[in-house]
Structures are given as structure tokens and as C-alpha cells.
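What follows is a set of structures for review.
Shared chain: subunit A. Partners: subunit B in the first complex, subunit C in the second.
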Partner chain A sequence: MKLLEIKNLYVTIDTLDGPLQIIKGIDFSIEKGERLGIVGESGCGKSITSLAIMALLPHKSKVTGQILLNGEDINLFNEEQMCRIRGNKIGMIFQEPMTALNPVKTIGAQIAESLILHRNMKKRQRIYEVEQLLESVDLPVERFGLNLYPHQLSGGQRQRVMIAMAIACKPDILIADEPTTALDVTVQKQILELIKELAMKFGMSLIMISHDLGVIAQTTQKVMIMYAGEVMEQGETSKVFKHMSHPYTQGLFAAIPKPGSSRLEGKKRLSTIPGSVPDPTSTLQGCIFEPRCRFSDDICLKSEPEKSDISPGHHVRCFHPVVKD
Partner chain B sequence: MYERFVEVFSHGMKNRNFVAGGIITIAFFGLALLSYVWSPHPIENINISDKLLSPNAKYLLGTDHFGRDILSMLIMGAKNSIIVAFVAIGIGLGIGVPLGLVAASQRGWTDEFIMRFNDFTLAFPSLISAIMITAIMGPGAVNSIIAIGIFNIPVFARVVRGAALNIWKKEFILAALSSGKSKTRISIEHVLPNTSSVLIVQATIQFAIGILAEAGLSYLGLGTQPPAASWGKMLNEAQTFLHFAPQLAIYPGMAIALTVLGLNLFGDGLRDVLDPKLRRNR
Partner chain C sequence: MKIFLFKRLITMIITLLVASSVVFFVLEILPGDPAAVMLGINAEADTLAALRAELGLDKPIAVRYLGWLGDLVQGDLGISYTYDVPVSELIMERVILSFPLAVLSMILSTLIAIPLGIIAASNHSKPMDFLVMIFSQLGIAIPNFWFALLLIIFFSVFMGVLPAGGFAGWEAGMIPALSSLLLPTIALALPQAAILTRVTRSSLLEVLKEDYIRTAQAKGSSLRRTLWRHALRNAMIPVVTIMGLQFSFLLAGTIIIENVFYLPGIGRLIFQAIAQRDLIVVKNLVILLAASVIVINFIVDMLYAVIDPRLRGTQNV
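And then the complex of A and B:
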């Protein structure tokens, strides 16, 4: 049995202009200790997917399909049961460390919160545990006391506190929603290393959400490329990065600036994907990526592509996958 | 906590409103506390031969038509005002804050219900409704406390709901939800501490309003009953002698005006100090 299995997930949010389909039937699964990356541009549904797993979507949203945690569908759980899963079985790290900590509580108290909630620990044991957690995220207790307030820490240090909070109960799954977007590049690398290390050390599965392909390459084993609420391509990270088959994936990779490709040096412009993400209110027929695709033809306009295998464990949703050898 | 207090205090010393209002407020509270240990003359003593005296060595502010010492009555009246306003705020906080927190965390129909009921309560002029309540339940200090307290409830509920709605949008609330906390727990442990500064400021303002309301009810004979002293009642009694003993009205009138002014200045100053976004004179 898989640790987490998502089957045919649809998320619809009611707005004043009518229902918006944000997630359109995605499937994926993750085994114990596996690290999965979700990539896509802003608004493609990466964060909504993770919030759906936590059952923390806004009130006006409807979820259909199955989210199976250890074989049980969490859509059928009530709020009380969900509270026992959040923080305990699934931990989450947020994008913005500056605002994701409560400014009026000490970091020690905030890390201890889920230990009180899920582990019912005595005070002395709790302090010991919090100190261990701070050590494990490389914030030595001698310098970073439990009584510090968030405003006394830097962005990177706060993100480490967030990580300590998320892993306090050693969850089975750790969801990191763009954990390094708000940090500068040197700190980014340290934080990514730390998240990966901790996931491996405690045997946690990791879901890494990012729009940065470099981040995904560094930390994950499997990857899922999302576009406008659909999965375009998914498979093992090494295979997808080597044989990118969907035109969208190719576009994403081509848009990474390469050293020496600046226009000042007389080289060609940075490649882009023409057009922009479709308005979620519009109902397109056919392939969702068709309007921006280089290879589109009649069939793409008329019908939606099904998943097809490139190699075992690597599928793509396209009529004209680019096959390279 | 202590550090925060020192920080607020040192910022406050640079704020004129905070300092001026603080001094008046402290003097007022000092006067009220003084009444517990000492007052120049017992206010129950009726001494007709000393009636309507001008200020002199024995009676620092003179006497009223029963020969009671006015300074003693002002001191006792301060105590009375504080107790009434304090308990009334307690009622407002105790019921209004939970209602506001529930409205902000549940949203939807619960929110609508609580807030519309709030609007309903606010739609009645508070003093007139307080008169109605005391008229139904009978005059007296306790009933006037209840009447004023009831009108503090929607004020606090509304202020807390507004502040809490803002806090609920913050990412640390999502982080708290993702660590498995229930909404009730988040309201108490995360939302409430972050709304404390607006609550403190609102409480200072309601305090001033409470004192005014108490004086108003007592003036009408619906609040504090004799022989207990009250500023409003002193004003009422002074009315008859306004032509030949105006000081009887001036002293309690000034006491009310000064206290309310002091509390309002203090509340304003405190808001500037507690909310850095509004801090003007540094």
C-alpha cells in the first residue's frame, strides 16, 4: 500500500463569476521515504494541491476524487480527525518565513505547540525535545535560545524554525511549499540541503513544490510538471530531466538562463513560451496547452490527450511528445 | 513581557497625549484608592449647621446643603465611578471578545447572526437603553453596571472581530492550522494575543464612556443610590443651588470632564504607542 495516493483529484472553487476548476483530475502517489517534486508556473495549482492534501482549502471549494493516506480517504474525515493528521502525519513548510511565525510568541513556544497537541509531553521532556529539534535544524541552543521572538531572527533562521515546527512530530509526509522562494541564493542552498537531509534522516516522504527546476533537481526522485491544473508530464526526475517529452517541459527548460547567453555578449535572447496561462474561467476544448504549443495541430484542438508512456514510470499527456534518445 | 512593558513605557514618555492622559488617569485612580484608607470626613455625616460653606481650613472644598464635605464626596465618587466602569468593561470583554472571536473564526451564518445582533444592539442609543434597563430592573449601582456592561458587549465584539479577521489572513494562522490546531485553539492562542493592543485601547475609551454613563444614570437618580456618593448625583443635587452655590456643580462637573479627558488622551496616546504604524510624534 502506498503512503499517499491521489486519484483523479478535482478542486473547484466557487467565485462570484461561477465555479472555477483549479485542479483538473490529477493522479500521483508517493511511497514511504520518497521525494516528489511538483513544478509549474504561478497559478497552476501546485499550492492548491498541497492544501487539498491538508484539507485546508478555502471554505467555498469542492474536492472530488480520492486522497488516500495509508489507504484511508481523508475527504471522508471530519475536522477533528483531520486535526490529528495535520502536524502529526503530515507537516508543512511555508513560503514566507517572515509571516509564517506568530510575532507575539517565542520560537520555543511555537515549536512546542505540536508536541503538546499530538504527543502530550511533559514540560521538561518538551524542552529537551525542542532543543533537539533546534539542533537538528542547525540552530545551536547556546546561541538561539527558546525565548527568542521571530523578529530577532533572520529570514533563513526563521525558515529553520518553521522546519523545526513542521518536523516536530516526525510526520510521515513533509510538504514544502516553495520553501526557499523568499530567501537569497546562498541560504536557499543550505535550506534545501537541510530539508533533504532531515527527510532522509527521519525517513519522511517529501513533497517539494517549486517553480525552480534547479531546486527540484537537487532534492527529488520523482517529478510532476503541472500546467493550468493538469499534469503535463510525470516520472523519475532523472528521466524527465534527460528526456523531457512534453513541449511545455521543454519550454520550461529552455527558459533557464545559461551562462554566457546574455544579449550584451551578442548571444540570442532568452527563450520564452509564447502566450500566457489560460484564464481559468475559459473552457477550452482540446489540449489545454494547445494555444501556446509549437507542435499543435487539428487533433490538439479537437480532443484532450490521454496519458501515454515514454518509458516505464515516465508518462506524458501529449499527442506529439518529443522523443529524443 | 516585562521587556515589552519597558519598551511601551519608554516610547510612551515621548508621546504628549500618553504622558498628560497618564498623569490625570493616575491621579484619578490614586484618589479612588485613597478613599479606601482615608477621606477627610465621613460622607454619611449630615451637619446642617455647616451647610453650604465656602472652602475653608476644615472643609477644603466647602460643604453641600447637608453640610457634607465636598472633597470627601468627590473622593468616594471617584471610587464609585471606577468600580462601575471597571465591572461594565469586564462584562463587555468577557462576553464581547468571545463573540467577536467566534464570528471571525466561523464566518458564514454564525458571523452574520452575531454581527447583525450586534448592529441591532448598537442601533439603540446606549444611554436611553440603559435608562430603560434600570427602569425595568430598578435603580441601583449593580443594575447600572449591568446596563452599561450590556452596551459594552457589541463594541468589543465588533472591534475584536475586525482585528481578528485581519489576523486570520496571516500565514502563521495557516501554519498553525497545518500543525493540527482547532479553530477554537487558534482563536485563543494565536488570534487573541495579536488583538490585545486594540483591546487595551478600546477598554480605555470604554472606561471614559462608562464613567460618563454612570454619571448620567446617577444624575437621573437611576444609578448609585444615597448615601453612597456619585459625581452624577452631586450634579443633580447641585442643580437646586446653582444660583447661590455654583461651586457645588463646578467641582463634580470638573471632576467628570477632567477624568474623561484624561482617559481619552491616555487611550489615544496608548494607541499611538502600541501601534507603530500610527506612531506620529517620536
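And then the complex of A and C:
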């Protein structure tokens, strides 16, 4: 049995102009200890997917499909049952360390919170546990006391506190939603390493959400490329990166600046994907990526591509997958 | 924290000095000679001059300002022109009524407003929220003197359980004194509570949108627990601000309610003193009220620092 299995997940948000489909039937799964990456542009639904798993979407949204955690469909759980899953079975690291911590509570109290909620511990034991957690995210207790407030810490330090909070109960799954986007480049790598290390050390599965292919390559074993609420390509990270088959994946990769390709040195411009993400209110026929695709033809306009295998454990949704050699 | 306190104290003293000079000089340039008011329009020129000398009105303005400040610090507020009793006595008589009345109204309004605000915010856009908002609208819309009259009609005339007006005085004992303050307290607290309910609700709703609320929920904290443990304290800053303003108002701005209930409060005293050009009473009362507003603001600032550690001026690691 898979640890987490998402089957046919749809997310619809009610707006004034009627319901809006944000996630259009995605499937993926993750085994115990496995690390999965979700990549895509802003607005492709990667954060929505993680919030749907946590049942933390705004009340106006509807989630259909199955979210099986150890075989149990947590999408059917009520709020009270979900409270026992959140922080306990699934921990989450958010993007903005500056605003994701409560400014009026000490970091000690905020880390201790999930322990209070999910573990029956005496106060002394809890303090010991929180100190251990701070040590494990490289915030030595001698310098970073439990009584510090978030505003006394830097962005990177706050993100470490955030990580300590998320792993406090050693959840089965750790979701990291763009954990380094708001951070200084110099700290990004450290934070990524830390998350990966902790996931391996405690045997936690990791879902890493990012728009940065480099981050995904560094931390994950499996990857899922999302576009406008649909999965374009998914498979083992090494295979996908070696044989990028969807034109969108290729476009994403080509848009990464490489050393020595700057215009100052007389080389070509940084490549971009023309156009922008379709407005979710528009009802496109055919392949969702068609308007921005350089390989599009009649069939792409008329019908939607099904999943097709490139190699075992690597599939793509495209009529014209790019095949190398 | 100590540096923060010290800084605030210095600002407070400077504000008091500025306020005192404004009060003094504004009253100075007002037309109307207290001596002429006391002696009437038919007074002889030399009698006037003699009275002016007696009251010290003939000395240079700077000397009088400094003299007044000196007396003020020593607690000597002079003698009222019209009542012919020490101003400090006059004010004290009123303070023992107005201050407890303000405190009681504030307590009552807080006890109504904060729970209602929480109920409204946690049931946002549901019937309970609308109900609370209707109460709040009514509380703001109903003039409090009219509400006071309704209270008198019901509790004093119809039920006959509470006095319709007047103040029994503290020497008559706690129960008679408090029961004569009960209706005015309710009348004053209602509009305050209505406003405070709105502020609490909207401030909470604002805070509930913050990222750290979602973080708390992601840790498994229920919505209710999150509201109490995470949102409430963060939502308190605007609430405390409004409470400070309301308390300042309650100290002296309650003249209408004082008149409805025949209460000898500060509001009435200041009104009468102005009407009778009893400038020495006006001047000292106004500066004392200004001082109390400044002190209230100081307390509000202290409360900010208690609520939000970011305002304590602590050092980074």
C-alpha cells in the first residue's frame, strides 16, 4: 500500500462568476521515505494541491477525488479528524517565513504547539523535545533560546523554526511549499539540504513544491510537472531530467539562465515560453498547453492528450513528445 | 523595555508642558475679564482694578503662566471665582463620581463587546454574525440619552428597582452609591460596546487572514483554538486603541448622560464653569483632563508593548 495516493483530484473554487476549476484531475502517489517534487509556474495549482491534501483551502472551494493516506480517504474526513492528521501525520513548511510565524508568540511556544496538540508529554519533556528540535535545525539553544520572538530572527533562521515546527511530531509526510523562494540565495541551499537531510534522517516522505527545477533536481526522486491544474509530465527525477519529453518541461528548462550565456558576452537571449498561463475562466478545447506550444497542430487543437509512457515510470501528456536520440 | 519606558515618560512630560501652555494662552486671549464677570457690568474702574490685583491678573503673562504651573505641581489649583471654594475640592467632589462611572462603563462595554466580536468573527457571514452586527448598528444609532430615558422608564418608573437619578454619594454606602450609578453605566456602555464590537470583529477577521493562522491550523490547531490562542492577541491592538479613546471620552464627555441622571460629574462642572466664565476652574480642569488623556495614552502604549513584543524595542540575535 502506498503511503499517500492521490486519485483523480479536482479542486473547484466558487467565484462570483461561477465555479472555477483549479485542479483538473491529477493523480500521483508517494511511498514511505520517497521524495516527490511538484514543479510549475505561478498559478499552476501546485500550492492548491498541497493545501487540498491538508484540507486547508478556503471554504468556498470543493475538493473531489480520493486522497488516500495509508489507504484511508482523508478527503472524507471531517474537520475534527483532519486536525488529528495535520501536524501529526502530515507536516507543512510554508513559503513566507516572515509572515508564517505568529509575531506575538515565542518560537519555543510555536514549536511546542504540535507536541501539545498531538503528543501527551509532561512540560519538562516537551521543553527538552523543543530544544532537540532547535538543535536539529541548527539553531543551537545556547544562542537561540526558546523565548525569542520571530522578529528577533533573520529570514533563514525563521525558516528553520518553521521546519522545526513542521517536523515536531515526526510526521509521515512533510510538505514543503516553496520553502526557499522568499530567502536569500546564500541560505537557500542550506535550507534545502536541511530539509532533505531531516526527511532522510526521520524517514519522512517529502513533497517539495517549487518553480525552480534546480531545487527539484537537488532534493527529489520523483517529479511531477504541472501546468494550469494538469500534470504534463511525471516520473523519476533522473529520467525526466534526462529525457524531457513535454514541450513545456523543455521550455522550463531552457528558461534557466546558464553561466556564460549572458547577453554581455555576446551570446543569445535567455529563452522564454511565449504567452502566459491560460485564464482559468476560459474553456479551451484540446491540449491546455497548445496556445503556447511550438509543436502544436490540428490534433492538439481538437482533443486532449492522454497519458503516454516514454519509459517505465516516466509518462507524459502530449501528442508530440520530444524524443531525444 | 526600560529604555522604551524612559523614552515614553520623557515624551509624556513634553506633551504635558505643551498642552499646559496651549490651555493657558488660549484662555488668556479669550475675550471676557473674570473680574468684570464677578463684579457685574456696573462695577467702578478702581474696584475692578483692585479685584484684578487680588486675583493676580495684573502681573505679566509669563509670570502668571509659570506661577500657575508651580501651583499646579504643588496641587494648589486656586480658588474658584464663582463657588469661592478651592478648585481642587470642587474637582475632587466630581472625580469620585466621574472616574468610577467611566471605569464601570468601560468594564461593562468590554465585557459585552469582546465576546460579541469573537462570536461575530468566528461565525463570519452566518446568521449569528448578522445578529451581532444588527445589535452593533442599533447601539451606534440609538442616541444614548434616549436609551437612558428608556432605562429610567423601565427600571425606575415601571419596575421601581433603581433610582431615576441623583447620586447617593459614597458615604451612603457601596450599594446605594453603585445602584445610582448602574443605569448611567449601562447607558454609557451601550454605544461604546457597539463600536468596540465592530472593531473587535473586523480586527479579528483581518488577523484570521494572516499566514500564521494557516500555519497554526497546519499544526492541527482547530479553528476555535486558533482564534483564541493565535488570533485574539494579535487583534487586540486596534481594540485597545479604541478603548483608550473611549475612556478619555467617558471621563469628561458624558455631560448629556450626567444631565439625564442629575449626576454631579466632571462634564457638568466644566459646562457650568465655562458658562459662568470661572476661568480658573476651566483652566485647571482642562489641563487635568489633558493630563489624564496623556496618561491614558501612555497606558495604551504600554499595553501595545505587552501585546506585541515587536514594540518592546528588543535586540536581534
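We take it that the second predicted complex is superposed on the first by the 324 of 325 C-alpha atoms of A that agree within 3 Å, B and C clash if a C-alpha of one lies under 4 Å from a C-alpha of the other, contacts with A are read in each partner's own complex, and residues count from 1 in each chain.
As a convention for this text, a contact is a pair of C-beta atoms (placed from the backbone, for glycine too) under 8 Å apart; a residue touches a chain by one contact, two chains touch by 3 or more.
If you're wondering where the values come from, they're calculated on a predicted model, not measured in any experiment.
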item	value
Clash or fit, subunit B versus subunit C on superposed subunit A	clash
Touching partner for A:Val104 - first (subunit B), second (subunit C), both, neither	both
Partner chain(s) touched by A:Leu148 [first = subunit B, second = subunit C, both, neither]	second
Touching partner for A:Glu113 - first (subunit B), second (subunit C), both, neither	both
Subunit C region in steric overlap with subunit B, selected from 26-34, 44-52, 62-70 or 98-106	98-106
Touching both subunit C and subunit B, counted on subunit A across the two superposed complexes	54, 56, 79-80, 83-88, 91-92, 94, 96, 99-105, 113-114, 117-118, 162, 165-166, 168
Subunit B-facing residues of subunit A, complex	54, 56, 59, 79-80, 83-88, 90-92, 94-96, 99-105, 113-114, 117-118, 162, 165-166, 168
Contacting residues of subunit B [partner subunit A, same complex]	107-108, 170-172, 174-182, 189-190, 193-194
Contact set on subunit A toward subunit C in their complex	54, 56, 79-80, 83-88, 91-92, 94, 96, 99-105, 113-114, 117-118, 143-144, 148-149, 151-154, 157, 162, 165-166, 168
Complex interface listing, subunit C residues touching subunit A	210-212, 214-223, 230, 233-234, 307-310, 314-317
